[in-house]
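For reference, chains read A, B and C in written order, and residue numbers begin at 1 within each chain.
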């Protein structure tokens, strides 16, 4: 145990006594952070749930205009990206720098594919006049205010998620750069581990978003 | 001018509320004094005599912990039950309540008696009868508060909320807005005038012959040509409104709904929200064509169409028929559709 | 008494000089001082608003300011005091400074995130001040819709953004504390050997981490509603204004426990030290902190009793609100029992502790009044509630904060404050506080609503009493500002443990070295073991 003050390294900063302690602390810190993110998204999810319960028909109608095939494709893309992320972490564990870089790049590419598909979807919504604002109109219902509510929540939730994806891609780029520089080793790859946790979390948010927004009551349409 | 330290008791519920207050005050005073006395006594009795003092370390005692957990728990459960029972009473206006309507807006109270009297910022009511107010706001959230009656209820845009009281003492009592609503929130007050029944009658009769709310509603009904579709014998394209109020309605979506004030309001302002079973969604919205006060008049008119009702439309000062009201202090109509969007 | 300039050992204050060494520090002790400086400024700002409010309320039809300006005054008073003073106060100043030392750590788990937390508070504060300087905000600190989203013409968005950013300061501090307590305890420092101050801050951190994000997303929605008019809270578009209240209070009720739990943690330290006895019922007090944190998340609906919420929801929330009072009551009884057969000192921190117990008891008992549905219908949105929460937040939390400042001042600065002046200030604060806020209970039950610029004549006498009290209170708060500053130069030099307190922070020098301990201690004794410290040099009797 380093009970004496010691020279700081990346793997053992001065406030910690052992590298294991630092790693544990980082992991716990990341989990606590993800907990705060759950509460953050949770507020939006709660709002959506409440309004969905109050206006089931209008929300069902609005939801049916979302393209579930595209949504499913995006889900598959994200699940694959989580897989590549896991492989990147595995590579880091084994000290294989090239492997890590390869899988980080693939993860970023898949993340960008997701964002691209989302952009395409949003553009479609724009064309169909489903973006809340002066030009909004949803066919098939007189309750335009409520319909607009659905899409406001849709854009808020998917938008917040997309923002987290963008941040995630930025994070991956940073990790890629640091890996290239040789910063990580089997003894110290915590940032990649933490990056992985973050990425998986953003993936899981989507796993909830997809059925909530796209799939509920679809069988009734 | 004396310094008043306690509000006047002018309603039936104010007495009950104050009794609960006395109990809470007694408990609070008891425990405050207990703690103050203990601290005072211990601080003096056990004050530090020397820097070498080392008191015997007592780590705790389960018996004491249980004692001072269970006793407060017991007392608080009494407080809860007592308070809840008062609240329960406050949420259930008696069946023979006199109905008055309130529309709040920045920064005034608009009050409408069924007989037609309209008041601004001043509410005249008779002594000794339960009064039920059905309220809504035209803009932001306000709150109807009469300290002398010990009652308060938020007034929310887009829905009706209810408050009731039975005045027990003639006099003039403050009415305050109790939910911050902008610039003149503190000036959005007024008075509730509780009058002896005969004085109240005289006041009612002395008012301009505006006609009852229901009569106003009938005029509005005719001017908006509602009767073209809503024929009393049900032969029109739309359901008959005779006997509608208080009835259970079967909806096209399969559900059922109680036809109360909130349902009627929604049907006028947002008719597509609930379609009656067996009918087409033909009714246009009257949002923008009818004010909140107009809606209240139409509701009163429709209430008067009950076949068992003996109430003459156009009479004044007559007791309204008993309201078979839903037991809740809030009804939530589906919000109004706006043409276009913002 | 040695007032001369003494050549000092190297400590965290003199180890490095210059603005950069402070603005880019990773040392939790320096960050604590950065916070101290910042929140003192915010307290002064909030106090200015309070002064203006109380002066205006001297007359029923005040003419110092327009109603619009008055509405901005109470809004900004609330925003500044809650988000920029009270919520950071004890955790960010005292907690940051002593918590790592209390558990035998060299720093928090994430020192740079700690610094980031401070910057976020400053940036959030700058945004809020920008809003105030640009014209202010008049929605009340509670931002109720649809007034805040569709009607107010003031700087709602800038203020909401400022609070949003400051919220992340709070979240990151909580995150830091949680990880620190879990992972950085010295050898032998088990959970049940930690000072109760740490338990209280752990519980607080859990609330910060779980609750604040909900406020953050709610503010984002207010922003969206204001900018895009999407109708989330607009009944005309299908929205529900009361839904905002649920979302808002889901955080803001636990927020009051963020403000009071740290104060309770301080109390345990003060009562124990100045009775020279362990806190009676250590485990019970520790668990009560956790219970308050958990139960605190279940009672938000008691702010919505007359909002139109269902009768049954009201009943459930009232029931649970009574439950959450019990752990607080238990603490008060336990602290009082600690005094029994103790060795009681009247040093200033203890005077503040006495004040806290008395005023928190009153504030907490009046909480039972508002938890009770029948009474709340009458007193909600009146001065009764204003008095209730000021008794807890000012009579409670601020007194605990001042007690903590006095207690740990020698540790932080190496100097003692002047005891006579400090005791006098404590007394002035106690008297001024009661004169300010007790009349407000009466005003409230009489029916005087809150957030009122003008009021009926019959309430004037009570308002004048309240304002008189406020002027006394202001004097009480100014004095410490002066004598604390004075003490930095002229105060008696303090030893490592002037109070004879237990706790690892008192085992190291005053002020502490940069790395807190020359050798990380190994703990093989229980908390509050005074047999280990009696006989150590005491500077003040």
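Criterion: contacts are C-beta pairs under 8 Å (C-beta built on N, C-alpha and C of every residue); 3 or more make two chains touch, one makes a residue touch a chain.
Everything numeric in this text was worked out from a predicted model, so none of it was measured.
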{"item": "Of A-C and B-C, whichever chain pair has more C-beta contact pairs", "value": "B-C"}
{"item": "Chain whose average C-alpha position is farthest from chain A's own", "value": "B"}
{"item": "Identifier of the chain whose CA centre is least distant from the whole-structure CA centre", "value": "C"}
{"item": "Computed distance of Cα centres, chain B from chain A, in Å", "value": "46"}
{"item": "Chain B-chain C separation of Cα centroids, rounded to whole Å", "value": "37"}
{"item": "Overlap residues in chain C, where contacts from two or more other chains coincide", "value": "231, 236-240"}
{"item": "Interface hub residues of chain A, defined as touching at least two other chains", "value": "55, 132-133, 143, 145-146, 148"}
{"item": "For chain B, residues that touch 2 or more chains besides their own", "value": "334-336, 338, 341"}
{"item": "Touching residues on chain B, where the partner in the complex is chain C", "value": "1, 3-7, 16-17, 20-21, 24, 27-28, 31-32, 35-36, 38-39, 42-43, 46-49, 51-61, 64-65, 68-69, 72-73, 76-77, 79-80, 82-88, 90-91, 106, 139-141, 143, 145, 147-148, 150-154, 156-159, 161, 174, 176-187, 189, 328-330, 334-336, 338, 341-342"}
{"item": "In the complex, chain A residues that touch chain C", "value": "1, 3-5, 13-17, 21, 24-25, 28-29, 32-33, 35-37, 39-44, 46-47, 50-51, 54-55, 132-133, 143, 145-146, 148-149, 152-153, 156"}
{"item": "Chain B partner contacts - residues on chain C that touch it in the complex", "value": "67-68, 71, 138-140, 144-147, 150-152, 229, 231, 235-242, 275-278, 280-284, 305-311, 314-315, 318-319, 322-323, 325-326, 329-330, 332-334, 336-337, 339-346, 354, 357-358, 361-362, 365-366, 368-369, 371-378, 380-382, 442, 445-447, 449-456, 458, 461-462, 500, 528-531, 534-535, 538, 541"}
{"item": "Complex contacts: residues of chain A adjacent to chain B", "value": "55, 57, 132-134, 136, 141-146, 148"}
{"item": "Residue ranges of chain B in contact with chain A within the complex", "value": "253, 270, 272-273, 281, 285, 334-338, 340-341"}
